[in-house]
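Here subunit A shows up in two complexes: once beside subunit B, once beside subunit C.
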Partner chain A sequence: MAHVVGPEVVKYACTCGLLKSISSLYFCRYCCQLRCGFCVCHEVDSHFCGKCCENLPSSEARLKKNRCGNCYICPSCQQELSTRIGSKGPSNPEDPKSTPKKMYYLSCLYCRWSSRDVGIPDQSAATGGWPDRENVNANRLQEIIEMYKAMVLAEKQQKEKDKKKQRGKYLSYTDRTGVTAAALRKRIGLPVDIQHSLLKAKPKEPEPAIAKEDVEDLPEELLTKPVNLTEVTTIEQRLLQIDLQPTTVEKLFPVHKQLSIKRSLRCRSCEHNVSKPEYNPNSVKFKIQLFAYYHVPEIRIVTVEPLRAGRPSELIIKFTNPTQHQTTITILSLVLSGDESEVKEETGDQPSLPQEKQPPSLSSQPSSLLSLSSRQPSITIKPRPVSQEVNADVAIPSSKVILPPRDDAAEYDDSGDTHNIQDDPKLVVWRKSNKAFVKLLVTPKQGLALNSEIVAGFTMQHIYTNTIATTVENREPDKHDHNIRVFLTLGNLVGFD
Partner chain B sequence: MSRNSIKILQGALVCEESKLRGDITIGTGTIIHPSATILAEAGPIIIGDCCLIEEQVKIIHRLPFDQQDKENTPVLIIGSHNVFEVDCHVEAPKIGNYNVFESKSFVGNKVTVTNGCIIGAGCKVTQEQILKENVIIYGHDCHMREGLDRPGLQTLQMETLSKMLPNYHHIRKPNKKN
Partner chain C sequence: MELREINYNKNEYVETASGNKVCRQTVLCGSQNIILQGKVIVQAEAIIRGDLANVRTGRYCIISKEAVIRPPYKKFSKGVAFFPLTMGDHVFVGERSVVSAAVVGSYVYIGKNCVIGRRCILKDCCLIEDNTVLAPETVVPPFTRYGGSPGTNIGDLPECQADLMVDFTRGYYQHFQPTKII
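And now, the complex of A and B:
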């Protein structure tokens, strides 16, 4: 939760070069890469109204201009309007036994505006009875829209005709002899091209707009009368109703509430879904939920000694393993340029693969997964360099940290941690189930000004166990290394050595 | 400190757990919930009829700093049918009738509240001004709007409270017959 509201202290570098905290990143299981909001395609999944929690099909949404049919928002503060029962109307004078009729009015709970303020009469039906205001210029706008639609249609047909004429592949049988249907018709005198009667309708041109030169005189009272601000509408209130744009508060009219959407995210390289919400507007769960928080070890800063230029300070960070498989964390030195395979060359894990023909995003993918990602990416996105300056050096430890899998039942189990992991006591300071504190030494560079912000970075390599169902022969899930560049904002420089 | 002198008229419902300090007169039909605080430091407070003062409300009659040494003791007269919702903090020197102070609002000691005003929830009104009648203050930035009419009365709630409160709280006895 601290990620959402607190400062972004620990940032991960996404493949596109941007730095984000772990709660804003996604992890594509098929490419085995981190993705941020910019590396994914955002697609509209469903439309729904936030107030009545009803789903609308997209065609109906487009017809209603992306607004709900039943719900209104207050024109004065843009909050939701609720329907209230007003003073009960007088009972029917003819029938003394009839129950008093209930009249409804719209009321805003935030600014206490009500539909009675502008003179809208109370409705007898609870929903759906509110009159919709007609646009004064509706007819003219409709004429112009139809004219343009017809023009577009005519242009399209013209293009198709041109294409057909250009093709001319299929000559008529009689072409060589010179007795084509067109030549015959010319001889008789009929028009050459048969025009279909339905296509003949030409667009009806609306009357052209006439320019007028005489304008109303500026009323004197604008200059002399003091302005009553409670009567004048603000710009936001005015632009909420574009067709009318009332200048006084008496003409504000309730507006239909805008629909909200649920969106699904799709990785741009492999076209697989990274996040897909449920259809029900009341539910906040996801059908597909590949967030980085659940797949990549989370790093939090526990303590950091006051930083002095040139002197190594102790930094304790906490690693948490969110997956159900054991992982080993190796800390490597940071590489700021785009390609992460350079780091691999230093450690000598794998020979670097030729990358000119293969898309770069697949370079760190194990071969068994290449067959799964059957779709070829439409756009190959090259990793970009990170533009964050690092002004502290991190001493790279030589040993690795093993993190056991996350065990949800551990708090109920009294047998205790029986993982028996041999740790380098200088590296791993504390350990509990799937979490470990790791101690690192950070040395800010020389020549920095006092109170400048220190940013340290390193590459975290963790073993990612892929849980996508592999082929029948391979029962064991696939493990491979995954490198992530991490940047930590450690605070301000306190002194010099 | 002046002695406490609290006059409760017949028909008022004042809970024992409320904190009343100073010279306070409470009109008929007024309901004061427990944990309400009314401090009459700078002078007496007269509360009108049928007011509703809810929990954690602080009505403080205190002089602003620049007027501390004056000789006359100003009286804070609160009108009738006012509603002070939960945890509002009111230091206004003059309050009219039919006002509503919504939850957690704050009214400073230079604001004169007239009739029918609604101070929205969380709004902090401190600038020296005389609020117009029927004005509605809402929002984080204290936008002002003019309402058509004074806000509706809370009669139904006050009737229910007058039946329920004595069942659960100790009530101070009225001591002044009108």
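And now, the complex of A and C:
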């Protein structure tokens, strides 16, 4: 029951050296490596509002400072505000028989704050009518921003000019004869350099800020008057509205709700997408989903005997094969050093997968991605040594475990397993369709303190069948061994031998 | 961790043709308005108020002990009206939680002792931690983890959450076996 929420006891080592559980890992099919959240590039795919679940185009999002236009947050408890229908006065005060007009006000259903508390008048429109407070310093800030933008533009153009001057190997034809355009202009009397039209209008420099020395006196009331805490805002409430930072509760104004994003992930070394969500904010499906959960066998701890230092304890773990191809699992001893990417290929037709982080060769890419191959791979990550200490030894079994492919229809079919796999009965304790229970012996090391956490590790080697579209001549999908280091947190030491 | 066998007393539970396992000690008001799609487990002392409005659950839902599924209401000038409560597939409702949401999506995990405020909308693939109180009418977007009181966004969920919930609820259903009398 502890799988969805619970301690992460089984961790896989990503290629960068960090330990993550299988649900947080991705598997890049092109590099055939595990990737974690840090080894992938996160890119913003779309913006949407969490409350109205509507997409916003990214330009509009930037304009509205990544906030939704319709939804508001209660300034007092930061929950969502809902629009309520308020008093219904007659629309035409002269005529008492006219239909009552609906007036709306904002109200928080958690802390009972409402827009009437701060004096915002009720609106007649259900959405979009709420006044936005103007920033007092808006004009000044705009002037300063424009000045800086002009400075940046001027610098950029200066750089370009310098580059052009340096690059000018080929002088104009008229230069040899001595009649250049510049010389002509000088003769006539016009200025030598033609100013670029954009540079002509020099931005108006804003008035420099004047330092003031006189500050208003400390009001004596601060020292004498007792503080009414119900009127004072908390720091969190104050910082929600940075431009005003009200100190009293009467000045709290509703704030627009921040937008959420959907992000797509891209492997840093081969620049292929690893995860791409759908555009619709309500949908939980993915256009591209290369999660480790679907490609790498999952390991779960079933039972573990109480651990004693120096004495071997039985550990039963469950392997699940999530792929559509049969795989064989070999358990090898753990290698803690950094570089463990040993990817051996069984068929020699495919071009060798890049071991170092170089841009992949053009022939191995589908044509739609050719334009991306000219892109520089982003920051390459050097594999780090895993920093997890292993204080228990795992007895490495000599035989392998074969896991049949995943069969979704098997749960409706009660005819039973037809796989007939010969198993070492000491290794494989139980088997059903694509799952198997494997028994291992774990011996915690000597000299450990009581109640210390025991971590065991091993390398799991499984045969990964690559399902990327192969070329026409080669129908066989290539299989190769893939090594993953696994770390299991087995609990606390109970006693000594 | 792998699930352990969860045994129940065979006499206490009724198993229907579509695989629903409902305990006899539950309080199911208005059972003609309650639709359990299939392979749903309703454990002891749960309360489902079908008398107020329709309650519909999807497949492989699990309603733990002492949970309350109560349709939400809305106050009008002329009185109070109850709205139907729909739950998607593969939803887990923890022990002693009170769910008054208007819509609960699929693949949702609701922890223990939660209070889901009335007319909340829980979208697919979200997770409500234990002991959360969600304010009325909150909308929980997909792939978010809500917690605390009032419930606020405290984290994200992995992208394969849908499959994790499917595995979890299926595994729970498979392990929910009657105690074998030897």
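Quick note on the criterion: the second predicted complex is superposed on the first by the 434 of 497 C-alpha atoms of A that agree within 3 Å, B and C clash if a C-alpha of one lies under 4 Å from a C-alpha of the other, contacts with A are read in each partner's own complex, and residues count from 1 in each chain.
Note that in this section a residue touches a chain if its C-beta (ideal position, glycine included) is under 8 Å from a C-beta of that chain, and two chains touch if they have at least 3 such contacts.
Model, not experiment: these values are computed from the prediction.
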item: Which of subunit B and subunit C A:Val302 touches, first, second, both or neither; value: second
item: Contacts of A:Ser398 with subunit B and subunit C, given as first, second, both or neither; value: neither
item: Partner chain(s) touched by A:Tyr110 [first = subunit B, second = subunit C, both, neither]; value: both
item: First, second, both or neither for A:Phe286, with subunit B first and subunit C second; value: second
item: Which of subunit B and subunit C A:Tyr294 touches, first, second, both or neither; value: second
item: Partner chain(s) touched by A:Gln446 [first = subunit B, second = subunit C, both, neither]; value: neither
item: Touching partner for A:Glu231 - first (subunit B), second (subunit C), both, neither; value: first
item: Partner chain in contact with A:Gln422 - subunit B first, subunit C second, else both or neither; value: neither
item: More subunit A residues in contact [subunit B versus subunit C]; value: C
item: Partner chain(s) touched by A:Ser275 [first = subunit B, second = subunit C, both, neither]; value: second
item: Subunit B and subunit C footprints on subunit A, overlapping residues; value: 77, 110
item: Footprint of subunit C on subunit A - complex, ascending; value: 1-6, 9, 23-24, 48, 50-51, 53, 77-80, 82, 108-110, 260, 275, 277, 281-284, 286, 289, 291, 293-294, 300-302, 318, 411
item: Complex interface listing, subunit C residues touching subunit A; value: 1-4, 92, 106-107, 109, 111, 117, 123-125, 127, 129, 135-139, 141-144, 150, 152-153, 158-165, 167-168, 170-172
item: Parts of subunit A lying in touch with subunit B, wherever the complex brings them together; value: 76-77, 110-113, 116-117, 229-231, 249
item: Subunit B to subunit A touching residues, read off their complex; value: 118, 120, 132, 135-136, 138-139, 143-148, 151
